[in-house]
Amino acid sequence: MKNKINLYLIEYAINAILRQKAKSFFIVFVFTLLTFLLTSVFFITSSLKYELDATVDSLPQIIVQKIKAGRHYDIDEDVVDTLLGIEGVEDAVARVWGYYYFANAGVNFSVVGLNEYEKQYKNSFEKIVKKIELEKDDKSFMVVGRGVQKVMNKSYYKEYFNFIKPDGTLKKVNLGGVFDADTELESNDVIVMSKDSAREIFDMDEDKATDVVLKVANPKEVRTIVSKIKSIYPDTRIITSDDLKVSYQNIFDYKSGIFLALFIVSLFTFFIIIYDKSSGLSSEEKREIGILKAIGWRVDDVLKEKFYESFIISFFAYTLGVGLAFVFVYMFQAPLLQNIFVGYSQLKTDFELPFVFDFQTLFLVFFLSVPIYIGATIIPSWKVATLEADEVIR
Amino acid sequence: MIELKNITKIYEINKSDKVIALDDINLRIKEGELVVLKGASGSGKSTILSLIAALSKPTSGEVIVDTKKISKLPDNFASVYRRDNIGFIFQKYNLIPTLSVKENIILPLVPLNPDASDIQNKLDIVTNRFNISHKENAIVRNLSGGEQQRVAIARANINDPKIIIADEPTANLDEKLSLHFIEILRELKVLNKTIVVATHDPLFFGLDFVDREIEVHNGKIVV
Amino acid sequence: MILTPEVLAILILDVIFAFFGVIAFILSIKIFFGWNLESVSQGQYKLEKQSFLTATIIKYIFVIKVPLFLFFIFTLDKISHVLTGAMCAAGVVDATPYGTYLFILKIINLYLFAYWLVLHNEDIKHENQPYTKLKFGIFIIAFFFFIAELVVEWVMFASINVDKMVSCCGTLYSSSADSAISSIFSIDTPILLSLFYGNFFFIVVFYFLKRKYLFAISNLLFIVISIISLIVFFGTYIYELPTHHCPFCFLQSDYYYVGYLIYTLLFIGTFYGIVTGFVKESEKNITKNYKISMMFNFFYVILLSLYPIVFYIKNGVWL
């Protein structure tokens, strides 16, 4: 038995595919579309995960929040001193931050307050504090992300912005600079100002903060430290960076899971259509098989040829779908589709999906498409291959 | 060389509907003979051909070709037997119009995945013999009726089979092409092939190079 | 319940396999009880046609199963990042009581399906198809293992609890643990090694004596003994760490993916060994099977033995 690949059979299979232009085109089209959508979704999630992992790594290891009546509440700043006393805690900083809703544009800004005399919990903040004075000559300054700047410009705020305080009065904060953070994802909607200004805007007391972030000397001790904090302050909620990572991964998996569920439905519909179309054999096709058998093709040969046909079509469509997804996601930045995952907000759409090459995604899409298509053709191909030749060639 | 022994073939359309295509027939064809089976449509002559080609199995009886019992061969073996021993000429040529002459002729050999030189050799032999070597790469649908006929016959001969089977070969042809076909049959006879032709075309009757004419009527051979 | 896209893909394919598997099973039963090559009835012709379908289905399942198995291992690896405590695929396997059984079933099924295909190929070479009933009978039995694998796979993935802490290979593969695997660690190393090399020695002997059945049986035993030896002894020399017994970690890039080579050599070597005894092929093929089996097994043993030897040469001591 010759084991080298039968080029003649492949050629014949390709010819057979081309002989049924309409049907082949339809299958390739639908198949490509499905793989395209699926691969795009996976590419997007991989990229976002990558971005987020990078982001999460720059986030604090432990965040301590005060919980009152099941809700997040301002925490006392002096908690910081107690926490610093715990073994293993390298650093503790009280954060003042929150979301400011800008009604005109219908977007939320993330407002972060920094105290220049404190050690910052993020390198990018360190840089800002060094570069710009957030309070100078009785004026307040802020540094904003690019997305924020765009939105403000649209509402004709170019040099400053008027925040509306909870009591209805205005607070004017001047634009001191634009963020150049390491990852756009985190900085796009961020405004950095002095802690005092932030407190003003949110009407927070001087000795209160939004939460406290901790830096831990040995990351493996995070869990132990968390339990220690909980025993000292039972009314707190503690979030670690691992928790964040897992929850992001879960959100992505959840969202891509929903998408996948929809995909499965369409896949099974496709399966049924394929089955239907292949079973309804034209008399033309039946005659052709009858001729092949009459001139000496065995059932196994016909089956092989049919398999080559299915494989060629599905693999071709798979490759095409993946290629198109590649172009769509990484060159055109996946318009529309991206929004499902990033959240439809004007501020968040402006960053570049990093190129993440994941073999597993390619295999995943392959397993979800090619074997299913070939499976759908097994029974129809078999029916054709086992036709009684003599009845067909009369 | 070909022997049908007590052959009965019954087609079961469904549980209650049966058609007796052949009723206990006996037939012997010697090597190198050219036999014409004549009879109306449905008389059973096409069934005899399928049995000889191992395209169908008899309900009872034996088909023996060259001392080998071929009636109950499993499908894969039957196909191999057919490929190696039978050249089939169909009613409507049954060529694939969008493929070239060469691709059509080598079709029986495709599953074997032979060497390119081997294929070319066999191809050259038949294209030269049947005069279409100059059109090897032409697309079949662009050929004339006569040329297509020769391609069909070349395909039937690519594996140098011992037996040629033709089922109503001239049914769709005009007189000129029919006569042309008969000439080719004469050539094949010269090559000492065993030829069985099923036809009700009167052009075949009374030909000088036909060894026997056998009449088939209602599933029985008329003596 | 863990529901990443990869897991979903595997589960979907399982459903499809089950669908086709059941068809093949029903047809196998019909063929097993009704096959009569001599018969000229419509029924027999139908069975002949259906035997093609069954063979096609089994080929299809096998061809996808092999890469899917690799994909399965990758998926376990990926899941391990979400499970607390799991550091590689081993942790995921042991997150539920079903993991080890699933693995064993998967390997058994790979052997069973491959064996069926070899038997089938031999069967159709003969005009009288002598092994038809046998092969379909074997499939009827194999079907139960096959369905068991699919069911266990579904159950396993369904019961993985993301919040439950999982032990990793350090604690699992040690004699102090009480999982099913740990019992193998109670065997003394010298005894284990003599079993391993002894078994290989018998394989060589039976190869030269050309005793098919003994050869095949010793290959069958070899599967079990070599995997145990790999986990208990040789693995530690690959990792150069006396406590690292994980059978999965050396599939990763850190160890140059040597795991794939090791398992492939073992599978092919033992598979062809089993085939020599349990599939009646032509003389030429049997000789070929003997050779392939011997060669692959030989390379497997050499490869494994090299690790401790090289370690000793480099460091002057054993672990």
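Per-chain numbering from 1; labels A, B and C assigned in written order.
As a convention for this text, a residue touches a chain if its C-beta (ideal position, glycine included) is under 8 Å from a C-beta of that chain, and two chains touch if they have at least 3 such contacts.
Remember, it's a predicted structure, so these values are computed and weren't measured experimentally.
For subunit A, the chain whose average C-alpha position is most distant is B. Central chain assignment: C. Criterion: smallest distance from chain C-alpha mean to the mean of all protein C-alpha atoms.
A separation of 50 Å divides the Cα centre of subunit B from that of subunit C. Averaged Cα coordinates give subunit A a centre that lies 36 Å from the centre of subunit C.
Centre-to-centre separation of subunit A and subunit B, using mean CA positions: 64 Å.
Multi-chain contact residues of subunit C (touching two or more other chains): 52, 124. Shared interface positions of subunit A, i.e. residues touching 2 or more other chains, are given as 299-300, 386. Counting partner chains per residue, subunit B shows two or more touched chains at residues 75-76.
Touching subunit B in their complex are the following residues of subunit A: 2, 4, 6-9, 11-12, 15, 18-19, 287-288, 291-301, 304-305, 386, 388-390, 393-394. Contact residues on subunit B toward subunit A in their complex (touch as defined above): 46-47, 50, 53, 55-56, 75-76, 79-80, 82-84, 86, 88, 90-91, 94, 96, 98-99, 103, 106-113, 155-156, 159, 167. Those residues of subunit A that touch subunit C in the complex are listed here as 42, 246, 249-250, 253, 256-257, 260, 264, 267, 299-300, 303, 360, 363-364, 367-368, 371-372, 374-375, 378-379, 381-382, 385-386.
Taken in their complex, subunit C has these residues touching subunit B: 37-38, 40, 42, 45, 48, 52, 124, 127, 129.
For subunit B in complex with subunit C, the residues that touch the partner chain are 12, 57-60, 72-77.
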